Amino acid sequence: MFSHNSTHILIVTCDAQTGLVAAWTTCLSAAGGNILELNQYTDLENNKFFMRIAFISDTLPSSAGMETLARCFNAQWHLYPAGVRQKVVILVSKFDHCLADLLYRWRIGELALTPVAIVSNHPRADTQATDIGSVPFYHLPITKSTKPEQEKKLQTIIENTGADLVILARYMQILSDEMSNWISGKCINIHHSFLPGFKGARPYHQAYTRGVKLIGATAHYVTTDLDEGPIIEQDVERISHADTPEDLIRKGRDVERRVLSRAVNYHLQRRVILDGNRTVVFPD
Amino acid sequence: MFSHNSTHILIVTCDAQTGLVAAWTTCLSAAGGNILELNQYTDLENNKFFMRIAFISDTLPSSAGMETLARCFNAQWHLYPAGVRQKVVILVSKFDHCLADLLYRWRIGELALTPVAIVSNHPRADTQATDIGSVPFYHLPITKSTKPEQEKKLQTIIENTGADLVILARYMQILSDEMSNWISGKCINIHHSFLPGFKGARPYHQAYTRGVKLIGATAHYVTTDLDEGPIIEQDVERISHADTPEDLIRKGRDVERRVLSRAVNYHLQRRVILDGNRTVVFPD
Amino acid sequence: MFSHNSTHILIVTCDAQTGLVAAWTTCLSAAGGNILELNQYTDLENNKFFMRIAFISDTLPSSAGMETLARCFNAQWHLYPAGVRQKVVILVSKFDHCLADLLYRWRIGELALTPVAIVSNHPRADTQATDIGSVPFYHLPITKSTKPEQEKKLQTIIENTGADLVILARYMQILSDEMSNWISGKCINIHHSFLPGFKGARPYHQAYTRGVKLIGATAHYVTTDLDEGPIIEQDVERISHADTPEDLIRKGRDVERRVLSRAVNYHLQRRVILDGNRTVVFPD
Amino acid sequence: MFSHNSTHILIVTCDAQTGLVAAWTTCLSAAGGNILELNQYTDLENNKFFMRIAFISDTLPSSAGMETLARCFNAQWHLYPAGVRQKVVILVSKFDHCLADLLYRWRIGELALTPVAIVSNHPRADTQATDIGSVPFYHLPITKSTKPEQEKKLQTIIENTGADLVILARYMQILSDEMSNWISGKCINIHHSFLPGFKGARPYHQAYTRGVKLIGATAHYVTTDLDEGPIIEQDVERISHADTPEDLIRKGRDVERRVLSRAVNYHLQRRVILDGNRTVVFPD
């Protein structure tokens, strides 16, 4: 059923209880699995257990055995082959620094993804600084009145390409609740502020007005609650009073693309597990 | 009038206009002043000019000459001797890590201040981890009903000690509007979050609940607008999903005391100039 | 044999092989152990396996069972009760910022240690800024000719106090090879540079002369190879051309004490495992 | 002589003496110059004065007036129009992340440069991940015996294109002393370590072997002394024991390109002044 002699990722989540690590690792061990990296976290406040195991094996543990364990512990489990590239749709507006960065990392083999479509509400001419090669580009303009129609087209692209992940790489448009729910857990946004500070529009202008001494960026899963989704990664950059909003936009580009690419990498490597509105992230 | 052969700090603020640096530095130069460090910032958006000059001189520029320049440019100016220690009242509650840090830095000569009083709403026994030496300690308990009375006592201490600066070193009490206005520009608070995120009470618990990946601290001047005063300094510390609120409190202590001591140092060295609700900070 | 119903730390190291996690966690699980935190690392280059498990249990796994596993896998294992404070001897010279910091963190319960002795080659008067309370202070002056004798006295103090760990908190003296070997793995030094840059004396002056843009600090285990011991923790601080060597010394104090206290905390919590001249650190 | 109504940068360096700021700013003021940003630094140890002034003016100060001042203070001065793009030759080998980053920043207008040539010792096929557009690409293979010949060709390209700056964007070749001297002060290299740690070849492998906890990158001017040139900018990235040399190479790419682009930007904006083997950098 599974490919042989290869690396796989096993994710297990359930209520915290005694014997969890022993049971699952014994199951892997019985099938000859050799653990390369095991990360485990117990959320004592909510009594939740989270585990990620990267292992290499000639023969994979039987699904039946895993199912038995899952019933026994009332656990959710997922087994992913580690080498498979995920299909990704990247949404962008006029600012293409995150897009360019993701594509470059893809080209040199740093991100295990395949870009299957780039969608923008602006024409191709607006992102000319980025070489998109042969990745299909879709121009889907949007207005208040055409939004439902535009999102339907977007949804069709995501379905037709078989995308595993949608990345809002400075898309600058708010997805409808329907759309947000539809791609829940599979859509990462980069917000150009250190959330929860400066939600909403023009965060760098807000940061300038408030006079903060650091700016930041936040990569999070998209939910219906704008800028309130589970945070995957954040980082900051020092600024000074002398920086205009335009300087902040410039300095922010670096931290935005750094944070987004890290979050995408963690997601692709199955290093992120949702825990309500928080995330468990086992960094590489 | 002024002490001879010593370092002074000149601060000049006014509307931006041609010739400002030339006029003031010529005035200093005419009196034999030798500039050690000149920092200048022009806020182009609001057409404001800010300058700080540290200089050494045998004879100081005449007040009359400075006054003439001030009238000419419609400028505010202040001349401070650099070697004078400012008198400081430190307010504290039960958490004394910022207090202990400030006192240690004072003892080894890192901060040019003289602590003239420590005031706490808790008895001395609650801050036993800190050696306060011979600095007078005042226990001013506070309740909702005794707040006006307590603040009056506090005000008396500040007046009687001739304090130049009040530091809220995790004081955990909100000053009344009257009190805030009375010490406006002379009172620095350390807030245990990266403002404007997590204003108000228990910010580390808020940070845990929101699932942020970095925590921070903010030193700002106190105004009547809670946690909205002009920010002097901020910094952050990386955390993970595995950190409980208690872990955040522990990890936060380091960044709180680092940020507060930097802000206090900048203030003491006249490196902070108010620009509306923002600050111009010329770091050392 | 072990105290009941408490948290323990199990450390296992051996050659990498299949079934390690399963075997040891099954052993813990059989004794009713509940894993709070499991960290595991496989050094693929050298085929080494490292594991740290924090667990809570009413009854502890039998030593016999663990011994059987150890023989089976040719593994080294150690079981430590988590709540026990380690006895620490702190060595210091004239700069006491690291000493003051360690003692403050001890007083507020942040570091699970008991300071059993402070030893300085300078008289008590040189570290007056630090409140050492009732911790015994030993003045052991040292000269080239008295070094063997001084180290014998130091050794006696370490033995008599039953110290588990020796911290060189800016001790500024080089231990002899005999001494270094005698406390190998139990002695942490803080070096005031980002090693391997600026080994040896006056690193801040070296840093100034070289014109670096960041300074750093390094906490490492002491070995006979000066400044070459296994690194536990490092951090840096941004500086500028305007910083004199004295400014670097001042700015360096913050990063030194931060790095040292982190390293000591990791060591006390058994989060550091030696891997030749490298360390495996499972951070909290 | 100069273009009117535009921003210019004035750089002044000389021995420290009284009246410098006053004299030069008075000269600018007399010509109607309005100072936008003035940065000044006095190296007290070596009694050197460094000043950078960005100013806007309808008419520029006469060269004669500046010359008089220069003679008076025995000063070096340079006046640069701020809006002129510098011509840049970028040298690269097989790793093109710095090249790709520089070109992207150029395309979106972040770096005020014009790339006039890309030179590689590898064929174009080796840097296919980077879109070089219409920038001329020269393949200049190099061997020990052809090095003088290759450098002559390189020199010709630099001369023919009228390049103002040469960037070694992970060029991986050591320039000869003749070449280093010829482009002294006009050639920036990015070294993939936190200098002075890990000079020479394969610094990430050195870092792995030494077991450091942070890796870094250093941008410096090229001199005949390998990896010893004046440092312009440095930064670091946290790593762990679990990172292989390949992980370090991957994580290092981010910090390398960030450090290099910052250094190039400072150089282009005339924010870097040489001070022996150190640099004075007035950051933006």
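Each chain gets a letter, A, B, C and D, in the order it is written, and its residues are counted from 1.
Here is the rule we use: a residue touches a chain if its C-beta (ideal position, glycine included) is under 8 Å from a C-beta of that chain, and two chains touch if they have at least 3 such contacts.
Everything quoted here is computed from the prediction, not taken from an experiment.
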{"item": "Longest centre-to-centre distance from subunit C, chain (CA-based)", "value": "D"}
{"item": "Selected pair, greater C-beta contact count between A-C and A-B", "value": "A-B"}
{"item": "Centroid spacing, where centroids are CA-atom means, of subunit A and subunit C in whole angstrom", "value": "37"}
{"item": "Mean-CA-position distance for subunit B and subunit A (Å)", "value": "41"}
{"item": "Overlap residues in subunit A, where contacts from two or more other chains coincide", "value": "37, 41, 44, 242"}
{"item": "Contacting residues of subunit D [partner subunit B, same complex]", "value": "16-23, 25-26, 28-29, 32-38, 40-42, 44"}
{"item": "Subunit A - residues contacting subunit B, complex", "value": "41, 43-45, 194-198, 209-214, 216, 230-236, 240-242, 244, 275, 277-281, 283"}
{"item": "Residues of subunit D that touch subunit A when the two form their complex", "value": "37, 96-97, 100, 104, 107-108, 110, 128-131, 242, 247, 250, 253-254, 258, 284"}
